[in-house]
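Heads up, the next two complexes both have subunit A, just with different partners, subunit B and then subunit C.
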Partner chain A sequence: MSEEIFKLEKDNLEGFLLYLSQKYNLFLPRRVDDQLSFGQMKPGGKPSLDHYFNTDLPPKEVFFPQRETLLSYEGGEVKHSTYKAKPIALFGVRPCDTKGIILLDRVFAEGEYEDPYWKARRTNSLLLTLGCNAPLSTCFCHWFNLGPFNKEGTDIFLTDIGDAYLVEPCSKKGEECLRGTSLLGATGDDRKVAEEIRRKAESSLSERVEISSLKGRLLALWEEDLWEDISQKCLSCAACSYLCPTCHCFDIQEEGSQEKGERIRIWDSCMFKLFTQEAAGTNPRPTPKERLRQRIMHKFSYFLDNLGEFGCVGCGRCIRGCPVNLDIREVIKAVKSFIVESR
Partner chain B sequence: MENPYLPVEAELLEVVEETPTIKTFVLKPAQPIPFRAGQFMQLTVPGVGEAPFTPSSSPYEEERMEITILKTGRVTEALHNLQPGVSLGLRGPFGKGYPVEKFVGKEVLIVGGGVGLAPLRSLLYYLFANLDKFKKVSIKYGARMPEELCFQKLYPQWEKLEKVDFTVTIDVPAPGWKGRVGLVTTLLDDLDIDLKNSYVVSCGPEVMLKFVTYKLIDIGFAPEQIYLSMNRNMSCGIGKCGRCIIGKYFLCKDGPDMCYADIKDIPGVFG
Partner chain C sequence: MASINEQLREQARKLLADKVVDLIIGYRKGSLPLRSTPYLVKTEEEAGSLIFDLTSSNNLAKYLPRVKTENRGSKIGIVCKGCDGRSVVQLIIEGQVKREDIVIIGVPCEGVVDTRKVRKKTGGEEVLRVSLPVLPGSGGREIMVEGRGFKITLDKEEVLCDVCLGCQHPNPPLYDLFIGRPREGSSARDEFKALEEFERLSSDERWRYFEHEASRCIRCYACRDACPLCYCEQCFVDETHPQWFGKGPDSSDTLIFHIVRALHTAGRCVSCGACVRACPVGINLNPLWVRIEKEVKERFGYTAGLSLEVTPPLATYDENDKQEFIL
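Entry: the complex of A and B
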């Protein structure tokens, strides 16, 4: 990639976003009432970047909507379509969430089957990732060798240096996009400021827990009481799954009648009892214990088996959003430190 | 497959009552749907939903597809209420299907329970059409009661086939029943089989699969010789929606027929 790093004065941000929105269907952090999520840029609209740590909801919904019509039918005629509008651009995605999108690319578009609905939105899309100057106490992306300034998977990387952003193209797509702007190059001093911000952010992170041995531990602890203890307060509300940038489980449902209706896909979660409830009455995961264990196993063992990477990016949303303060970091620590009593 | 979520329209031609709770649905898809024995379809009842079933017809039958279904839940109940003439949806086939190439030159032992004989029937038709390739086909089948035995009209035909051994049992004695009584595992007690040169395929309720597997291992089969039809809720059919996961495997995409060697170390594999 080019060595060139540009500088975007914050006074010129509006113009830059306007430029993006001509070529792209632009999504950016937008506050609606008390909730911050990625929304479409309205004409003259501004991103909610003040006191922006991260969006409450992950950006996966831009490419994988919570509810989506797969097909509709009426009087024997079946209609279906995938996303056909302008390519999508996301401005201000945090590095953990960019990594989440890359992981979902692997889930939805890799292997024997491609998901046409994911692919239609993701094709030619542009990710503009914004580094995290002030990671939260719940952030633990560094456990996964990511970090507040991780550039993996992004097309353009931005660093907030006060009055301006440093803008770095990280892919061919990103380079091409920036070629159409009149951004000036960043100075050596700008780069020094950015470097200092990065160093400060990285040193503010909590202690890193080593997780390379986690998978083996998990398999060894399958039968242990630990899961009973950990899951005791779990409400099976699935907030963790809905807030997770990598959880992708869904259900396909039919709405309507024999003559007219829709087939929809909606988010679902392994935390719900009904997820695995079988018609014959059996359920392989009948209590929160099996369900919580499944979620942890999927993220830290099966994901690794199938894709060679953990299915968690350390964004911390599940920690902030859990109504009973079930902290996934504490689960990991408990798994690491659990002592198996000989039987 | 362009869009794996889109069903093909299929007309319901005929409904055959197999047992008081099992019916066979004869479908004519708008376009032929080639499949391997053991691969499954998602069958849609418009306005109700879809559910996964393995065809019970021969993979060589191109025009029609038969699916044999036990009335158990919401979708199957709606299916059982249908009359011929309605339009249904079929998408698939999904999954790997039975590894029939491996069975060439070997004995094939098939162990079925209840409606589990339905998916096995497509495999049987495949095996029967290629009997010259296999040393022997043994079928051990059990149901709770005589009236729950599936496809009874076909048994005389199957029993007559050369190189085919077909044995049936019911779980508990019943008036008028003169055949064998006992769980299907009891049919494995007096197996006449070349242990080293055989493969086993089993389909039935999970608890049956569990005890059949343990028995087979006791007899001396290696886990590599045993294939089990594993079942969990399934929705997408392509390994994305997450509900059929067992260990690292998505049964819809990696199974649903799994080699026991691959799954034996997964904790809680039999539920």
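Entry: the complex of A and C
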């Protein structure tokens, strides 16, 4: 990759975003009703970057909308739906969420089963990741060997150095994109400032918990009482799943009549009782205990089996959004420290 | 005088030691500032972590039916502020729990903090440390919140939940023991003041308000799942034979979900606000809940959860009920 690092003055951000929006369908952090999420750039619109730590909703919805039409039919004619607009660019996505998108690539685009809907949006898309100068106390990306300045999977990496961003191409796509701009190179001093910011952010992270042995622990503790204790307060809602940048389960539904209608897919969650409800009336995950265990097992055990990595990126949204303060870090700690009583 | 927390822990230990209860549903300190977390206490040692303060925001009555099912034959203690206590009364009336199976530990509530209001006050900056006034009735109203590069003092009235600002029932209507002294009813507060502005809106404007709020809904059902009165074995939104309506985030579907839930809890809802606090996207349908509560009060002279003796209006029929809306 090129060693060149550029500098984008914040005064020129609008022009840079305009440039991006000519080539791309541009999404950026937008605050609506005090809620931050990735929204489409409107003409003259600006990203909400003041007091921006991370969006409340994860950016997965840009590539994996909560509701998506798969096909529509009318009078015997069937139309398959595919994303046809300009390629998508995400500006200001945080490193944890970029990693989340990379993990979902593995699920939807690189595995045994290809998902044409994910691929249609993701192909040729551009990720412009913004480093985290001030990680939140709920951030725990470092548990997964990520960090506030992790560049994995991104096309362009930005560091906020005050009046400007340092802009670093990290992929061919990123390089090509920047070639069309008139950005100047960053100075050695700029790089030093960025380096200092990175060092400060990394040292501000909370205590790191070692999780390399977690999978083995989880498998050994499958049947222990621990899960009853952990799940006691769980309401079994889907706030955690829907706020999660890597949860990706979905349901397929038919809407309409025999004559006219749509086949859609919508987000679903293993936290719902209905998720495993069987036609015979039985349910293999009848209580919050089995459901919460499933979600934890998927993130920290099955994901490893299937894709070789943890399915959590430590963004902390589930911690901030859980209505009963069921903190996933505490679940991990409880699993690590649980002592099996001999029977 | 010992603090509420000290008294609560002592009483809880005693209840467990004397085998008056087998377990206690309460709160302990949460993992985040301004958050407590529901806590099921089974040992005297665990009782030492119980708390009750301005962060005790979950409605613990939610857990009663489930804890009862999972611990058959057990006697359950439950820490109840006013609205939790009213929900317990509703659950008893509706046959979900038996009065004799539970021991209600009343606590004097001074309201609970709305973390979204605090987030607004800090301009979105993260709160890292807080100091709360000590309950009860210390007269202290100041909440100090601190984060990276700021330290501000808030008057608790500025950041209490909307429903707390109109609360008339800070103490549970029914209790077996009370921690501290029951609070004076807050007659100074106007129960339906928060509605004044809302009621001035035209029906079109009100509709737009509801549509706007519901448009953010992600269908996670945290509101339903946090509600102590949403205990249906199968919620209407989960019906599949037939499926009543769409399951996606279209506002026509989300709005129907919220409105039907509101109608289903009419005359039962105690306006605890647990649903609003549970929402991860900040949907505020308080005006709908409170307006329905007002309607029930005006039409039937009924306030949910105050007495075991009065039959709820939607569970009975009276020839003299107003019915001018029928024709």
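Everything below uses one rule, namely that the second predicted complex is superposed on the first by the 343 of 343 C-alpha atoms of A that agree within 3 Å, B and C clash if a C-alpha of one lies under 4 Å from a C-alpha of the other, contacts with A are read in each partner's own complex, and residues count from 1 in each chain.
We take it that a contact is a pair of C-beta atoms (placed from the backbone, for glycine too) under 8 Å apart; a residue touches a chain by one contact, two chains touch by 3 or more.
These numbers come from a predicted model, not from an experiment.
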Simultaneous placement of subunit C and subunit B on subunit A, clash or fit: fit
According to the stated criteria, A:18 is in contact with first (subunit B), second (subunit C), both, or neither; which is it? neither
Between subunit B and subunit C, whom does A:184 touch in the aligned arrangement: first, second, both, or neither? neither
Identify the partner contact of A:71: answer first if only subunit B is touched, second if only subunit C is, both if each is, neither if none is. first
Contacts of A:340 with subunit B and subunit C, given as first, second, both or neither: neither
Which partner does A:284 reach: the first (subunit B), the second (subunit C), both, or neither? first
With both complexes overlaid on chain A, does A:251 touch subunit B (first), subunit C (second), both or neither? both
Subunit B versus subunit C as contact partner of A:80, first or second or both or neither: first
I want to verify one number. Taking the Cα centroids, what angle sits at subunit A between subunit B and subunit C, in steps of 10 degrees? 90
Quote the smallest CA-to-CA distance from subunit B to subunit C in the superposed model, rounded to whole Å. 5
Counting contacts the way the document defines them, which residues of subunit A are shared by the two interfaces, the one with subunit B and the one with subunit C? 251, 253
Which bits of subunit A are touching subunit C when the two form their complex? 33-35, 50-51, 53, 56-57, 66-67, 134, 136-138, 232-233, 235-239, 241-243, 251, 253, 255, 264, 266-267, 269, 272-274, 319-321, 323-327, 329-330
So, in the complex, the side of subunit B touching subunit A is made of residues 1-6, 9, 44-51, 72-76, 86-87, 205-206, 231-233, 235-236, 238-243, 245, 247-248, 253, 267-268, 271
In the complex, subunit C touches subunit A at residues 30-32, 35-40, 58, 62-63, 116, 119-120, 123-126, 128, 148, 212, 216, 218-222, 224-226, 238, 240, 246-250, 277-282
Subunit B partner contacts - residues on subunit A that touch it in the complex: 70-71, 73, 76, 78, 80, 82, 107-108, 111-113, 115-117, 219, 222-223, 248-254, 256-259, 261, 263, 265, 268, 270, 275-280, 282, 284, 290, 294, 298, 301-302, 305-306
